[in-house]
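Each chain gets a letter, A, B, C and D, in the order it is written, and its residues are counted from 1.
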């Protein structure tokens, strides 16, 4: 009977098949979002002064709720240790530990801010069915072009170092170009078209070079875009490389095709 | 005869088939645009002081015109109540109500600003034939990738919360990072490459982290672009809506398919 | 013989087939670029003070050169009036007229700046063969999606008006949101991710709304990108809609195909 | 035996086939990255004051290491002169020369900054196999659309000159539009959506024109994106390099082609 209770709890906490499981997920996400908002508001001096008690009460409420949930997860998990040391297991622990530790080490700004990691718990929502597929596709598209993006980022970093050094030579320290790292920081701010304006060239030559850098940055973004777009929009031929018509031997069939679109022969069932 | 007058009015106001209907649309749009400009100019102190009377006169002129039009629409609509509570019916009402209400509640800044909603009436122009199709395609492309975009936005929001918290720990309050929400605001300003510069990192460590965030934001935009581009440029399956298997009646066949991929029956030759 | 001289001049000035014609184009472009740089430098107070005489001399040199060229073009053109009132004919005239007019109306800043239009003459370079094709393709891609882009811009403009009005209500005049037009200006600066920072929200609510606007702007750019990309990368099926195999009636053949790729039958010769 | 030693050294330094060669590359890159960081830190006044001796020591250590490596490369290269005057040969020399020269010309800021060129040595990593292919693809995509990008940049430059001149006429010198070149600089900052905010329009008319420019810049980026994306995602013709007509030997057939589109001969079934 304990085992049946355990499997019931597991179904609710980890699963999404039964209504209770889905409802649990929705409530959990709402709690997570509110508790994160509490942490955020707590860092605003004006609000912390006025509603300090309320925020602290809410913080403890959520901490206790999450602690109970954490206990239940360990209890219900088939392999408790495996859960504890999993990514989400660590996040779940980091979501509650700082509040308890703050009893012993009061006033620790770092400790308080760690609680923001709670926000990662929202990604449990991705368990909800159709989102997993979309997320996977995103990850796949990224992985497929990871090496290209790496080469691209290496090129951008090198460019930023070189351009930053050039501007360090050209521009005055008064305009903000006081050291090469700072100039590189400026080059990145410019190449990515962020453009804070906290550092900006003042001399004619500097502005000319900056203009070239801007157009470069504006054009550069084209490259990764083209690469990823191509990776994402490529017809997923590679997904069914074995799907070949046994009669006319032609490929390129849709994943859900059961008959050859060219000759009408029956295809072997996919996967 | 009343009925024939009513149908005539309906044809002019709601339809675009006869020249009078098209001309009515064009005049309506011009009136809407001018009346919106009047509202905008009215909010500029210097202009309101100088041309106040003129602006108020124009405002009343357009309000009366739109009121007559609103009355005619209710009169000519086949289902008046249906029209009144439709989206554009509400917009039409909100376009005139504030001016009348301002007689009783003078000086209400909110009341005056609501009249800007008038601008939405411009979208009636989309009734004009070829634009509807384009607009529909835009909406379709968006809907097709809505779930992906949602997952993407969730990831961006989480990233902004985490990065904002990190910068809150690293940077001084003097540089503008006075609270976590403000730091998150900065992270969004940076990730989206807007870069106001009202808050910007001052320490070496902060600038380093900011540089990483910028490059991240610069690369991140690639993801939704790839997704939507793929959705838009996806082989236009809809182009062969008539290509329907005569045997199993299912659609969605490629343009070059000669046999049904579901049941293997011969398809009618395309076009 | 006069006619043969005329046709010779025409060949050099308008044509690109003979080496002399190409050389003329290259020299012309160099002159145009230098003369534009002279105009630019002339507007910099410090340089104008120091090198005023030199700049004025260069200005007159180029004006005389361009006048001679203008005269030759009228002389050599097959239809002189047609040339004079063509787009480039007007540009050629505007490139020289201001300098002569400045003798009678000295110190006219507007007059001087008009000479910058000279820069348009650089586009004569596009006569050089392979660039015309690329330019045409660009124009074609733009035209193909012009209506979509118009609908998109209309939506962006409406959004900017609505968001600007909302921010006008939310934010203080002290933060720079002094009128609705100014708030709309801010909304456009933010939606396009330019982000000057001359106007930026100061209240928590304002910053929250601004964050939403930024993410909107960041996502919005996806739409036109997808549309144009799709228009550019679409296989040019529409170019040969009539290219249909007479034997198996299938379409989708390449422009250079002479035989059906499906059944091997000879295709009708394209265009 | 000397020859065998030489070929062994060459294998380690230039090759990546044996483990020692790969290990050498990895160590080299780490050294290069650290030595660049040393140069960067050296330019920060505060750090240079505190850790000056340490930085100078590290600088000399890396210089001697790179000198030894440079010597070995000359020794091991099959054609030493060819290596010395190659791109990477020059970079290798520029990576060490400034430090030696600083003995004779102390304090030369230019001399010191040249050492940043060392960062280019990181690209030796691209020798590592799979990256070369990706890099080549990037370069190919760029080259394929080079002419289009050139036409596009020419158009952007012309636009910037014209828009800058217009703003020079419209806006006050007080807002920062003191000369045409400076206004052009502003136009580029705005068109590329960088938006420093060091110069920004103050008048209503100026802000209106600026808004149009921003939307233009926002839309403009679409063009090169579409071009490059199309170039990258173009149906991978190279995917069927073996699909060659047995009769006329021409390539470039579609993946689903069964007959040669040039001569009508039957093609071998794909793959």
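To be clear about the criterion, a residue touches a chain if its C-beta (ideal position, glycine included) is under 8 Å from a C-beta of that chain, and two chains touch if they have at least 3 such contacts.
Note that the structure is predicted; figures quoted are calculated from it, not measured.
Under half of the residue numbers found at the chain B and chain C interface occur in both copies, marking it as a different-residue contact. Across the assembly, the mean Cα position most removed from that of chain A is the one of C. Distance between chain centres (mean CA atoms), chain B to chain C: 28 Å.
In whole angstrom, the spacing between the mean C-alpha positions of chain A and chain C is 39. In chain D, the positions touching at least two other chains are 44, 181-182, 184, 193-197, 204, 221, 225, 229, 233, 256, 258. Residue ranges of chain B in contact with chain C, taken from their complex: 36, 39-41, 43-45, 109-110, 113, 116-117, 119-120, 122-123, 125-126, 130-131, 134-135, 137-138, 141-142, 149, 153, 156, 181-182, 184-185, 188-189, 191-198, 221, 224-225, 228-229, 231-233, 255-256, 269-271.
Within the complex, the chain C residues that touch chain B are 147-148, 150-152, 154, 158, 161-162, 165, 168-169, 178-182, 184, 190, 193-197, 200, 204, 207-208, 210-211, 214-215, 217-219, 221-223, 225-227, 229-230, 233-234, 249-252, 262. Per the touch definition, chain C reaches chain A in the complex via residues 44, 193-197, 204, 225, 229.
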